[in-house]
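Working notes for the structure below.
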């Protein structure tokens, strides 16, 4: 009895300790935060990267980080923007909305970032832009969902194409050039997979293509034998796979093992990674997808990018290039804004920048409207089989 | 389709069975669920992968992975569990979960998050039976699983150490009567269970890839199989693993692939409710 | 009966500190810190809830993340599809989690301890898969976004809108206080004592006339309800729910909070929630090492402080207050004599 | 429980009770009855089935055959807590205390039947609730003073001496307000002085109108304390009667006494 009567004292003392701890934390944080907020006048500008750094999507986050770091290195070595150096704050959103909100909160409110690149996935981005929008922080994402065009957030821009651009392009190619009629869809049960599938269903009507079956798999699944066996019995002309490249590689491997010989294609350039070929081997040969970037293009920008990638011993992946571009335009917008978020936004909305991923311009929804090219894996390399229109 | 799913089920089931053995053996001696067992599966596969990158011959790389798995299990026991012998089971459980989080992220720190493929000498060859194609690596998995089970069965019933492990499931101090140190029995149990778990990870590597979080679901399934077979019952775990793989495969093929993992969980709940001693619970009692 | 002046004094201090904590937002300007504190409050409610069943009743659950999720999703669905405000979604969440908690408790608590762990694990995984796959209701992997903030509270001439993190703090704090109050009231009743007796010795408890199964199921239901309420708060606070939040690792996080803080202690649950949330946020600076360190800390804590931080404090206090106890005992003896 | 009247002789009746574990019959076709206000002893060699009998009576295990009646209620196979509600309380052969509780808290658990486990009164601290809590606490004070542990009420029960731990267990059993108290070898492992004190305590308990059923090894204790003895061996009743009869019964001497003396 006496012991339990003591509880309050414990609680009080601990609450006080806790409070002190919290205040202590906030004090240390605000000194670091203060450092960055004084950076308005000081020598650095913080930029945030919101991307999955752990978990199943971590590889994409790593690619993005490489790209952004390359860009920042280049900018800083050339004297920074308006005489200030850029500093990258990496936040791991674990590809989940709640973590994304947490990291973006921290970046904006504690680290005082002026712009955010990311996330890679749509639903974390959708959740995070709820925080970045009201704070007037530029947010350049790589999500696929059309919902990202409908947020009404003027500070949200998308540096890749939307699913509603990629999907019709590749589907049109399949229908017209490959004469495909019956398609089986196999997509990951995430917003990305569903978005792409919905877009495909939409444009399939106009092209006279039919989806004979739609199979889903849960994120992280590595065993697709059940779905593939089912698809095999339906004998489709082609299979549209929507997923992460390593899973796509696995799917095609397992299809090959199951004796399923059919044309595979997927909507976008998230396939565009050397890893696809490393993992898939000859099983991914002939895989077709739409892409906004060709790493073998002979443009000046591409050459330069590849050069600094090589100098820094970073693999030149598509996502790395896209993130690199994003960081470059963000830096440009911040430079022109001169610390005023409204002006920076204005500048980004009207930007016309020649990037490695082609010309970068944003429409009123913050989306790019380049038209993609069609690529295919041929002899272990990515080859453009149809130039962008 | 039926035949396809059956083969898939047997392959999956072999892996589950191998995983289940580790859970069941540890349960036998310590009566707790080693949640970090999935990380042994992952660790073994990663070490094999690493050895292959160093141009080690493939068999040696596989063997190295298995040994590394055994070592990992042994170290887990020595470094953590052994120091917690008198702690409540709940604390052991939390410690195991902590180890699991630690090892997953250690693997990511060292090797990165990108899934990698282990090579297999058989992966690109198929065997034709009628109009069905069966991958040779699948057959390799099945044969090796059977082999491991036979060796394990021999070890358990023909060697003193094996008998001590069995006796330990009744009463850990009973091993003392056989003149064998209880801690040694526990260490051996961890090492063997982990070696088998690591082998499962290595066998899966060429098919389902190797990555830091690969152990989570494999662990969950192996654990389900060990409950199905009756906790602590090694032959039960083997059969239940196979059964689980086949059920899951058919459920995924004929019901819904989205709920495939739920099937295993529903089975787990059902078994716990209807027959908590496991499907083969009787076998233990007869053996006693 | 040993209600001395001292304990009244303690009570008064407690109340003063409790009220003073409402003023915390005035001292904190950084909204990010406020956000973390709010998260701590939500986690504290979860930890309090889980502690009821783990710490006070001795039944281990690794499925309480699912109850959290059910509460959050119920609130989200009711708010979005029916259009009800927070004050109506909250009771919905509570009722539904209570009902599911009752069912799961009824099924799972028939099992022995180790099997209960497995059953709750299975339950948690199933619920997560349902969140992920029942796309029509839960939005599938995309979850549900745009959950409205609670409506503005009007008190006389004052208005309390929910616009930024500072505004949520008092609401969350009230719920945590409510959780603490309910826990205290329950623990110091026949019911609560029955729970601790079951934890310590089920057979002896039963011999004293305690209906073991009924008591356990009741406590399990209450415990689930705490998590359901926390879920509703979370949904309206974060405005978004998605399946990955409510996986097995959430259940583990809550359990770890309880264990690290010290089971069977209100202060322990709150300390555990605070420490884990803060350390998880502090480690954000090093994303690659974050979970590595986190896992390592869990192992170390559980190995060396098996009774959590409260256990540690208990030991220290016992050492320091040895004298004190002796003095108090003699006064107690006097009191005893006086009574006769 | 008004049915009590008219049964002033037998309050507990065991009829043809049998329980087997595997192939071994722990209790076999056992019948006996306990009269009101008696101190009834059960004796028998180790493994005779005495503790099993207690577990059967208190509902911890269910019998294979036979009936147990308490105040003419059939309590066979009821849950232990239900049986406790009928006024049966017990101590355990190996003392079972709650490891994290003080003496006071431990005995407080025994008042569960008085305070009840209702939620709403607890949450709203109703007058009824407060009254019962007060009653429970007063009762504990009374009991702890009675067993002589009032001064140690704030000590951790598990840290007390063996004899005092037993007293705590008895106090906890008394707190349920039993009419029948089952004591399973309460003096095992105690020294002479402790045994004597406990015996005194038992007769005091008995004087309060509580019937006692006691398992004991100590013949001296049984002979001086009890007024009825049932001797069982291999789960079966060997003989029954007052101490004077049992003491000199040849079968008892052979089956039990001889061994007990040899042990001593």
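The first chain written gets the first letter, and so on, giving A, B, C and D; residue counts start at 1 in each chain.
In this section, a contact is a pair of C-beta atoms (placed from the backbone, for glycine too) under 8 Å apart; a residue touches a chain by one contact, two chains touch by 3 or more.
Per UniProt, the chains are B, C = Branched-chain amino acid ABC transporter permease; D = ABC transporter ATP-binding protein.
If you're wondering where the values come from, they're calculated on a predicted model, not measured in any experiment.
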Trace the shortest sequence of touching chains from chain A to chain B and report its length in steps.
1
Chain nearest the overall Cα centroid
C
Report which of A-C and B-C is connected by more C-beta pairs in contact.
A-C
Measuring between mean CA coordinates, which chain is farthest from chain D?
A
Using mean C-alpha positions as chain centres, tell me how far chain B is from chain D in Å, no decimals.
49
For the pair chain B and chain C, the C-alpha centroid-to-centroid distance in angstrom is 34
Return the distance between the CA-based centres of chain C and chain D, expressed in whole Å.
40
Chain A: positions in contact with at least two other chains:
1-2, 54, 189, 218
For chain D, give me the residues that contact two or more of the other chains.
105, 154
Of all residues in chain B, the ones touching two or more other chains
105, 108, 258, 261
So in the complex, the part of chain B that touches chain A is made up of which residues?
1, 4-5, 8, 12, 105, 108, 112-117, 123-124, 126, 132-133, 135, 137-138, 207-209, 211, 213-214, 217, 249, 252-253, 257-258, 260-261
Residues of chain B defined as touching chain C within the complex:
31-33, 80, 83-84, 87-91, 93-95, 97-106, 108-109, 220, 223-224, 227, 231, 256, 258-259, 261-262, 265-266, 268-269, 272-273, 276
Chain C - residues contacting chain A, complex
1-3, 7, 10-11, 13-14, 17, 21, 24, 27-33, 35, 37, 39, 129, 132-133, 135, 140-143, 145, 188, 238-242, 244-245, 265-267, 270-271, 274, 278, 281-282, 284, 287-288, 290-291, 310, 313, 317, 328, 332
Which part of chain D faces chain C closely enough to touch in the complex?
58, 60, 79-81, 84-85, 89-90, 92, 96-101, 105, 108-113, 115-119, 121-123, 125, 129, 132-133, 136-137, 141, 145, 150-151, 154, 172-173, 175-176
In the complex, chain C touches chain D at residues 1, 182, 185-186, 189-194, 196-197, 200-201, 203-212, 215, 218, 222, 264, 329, 332-333, 336, 339-340
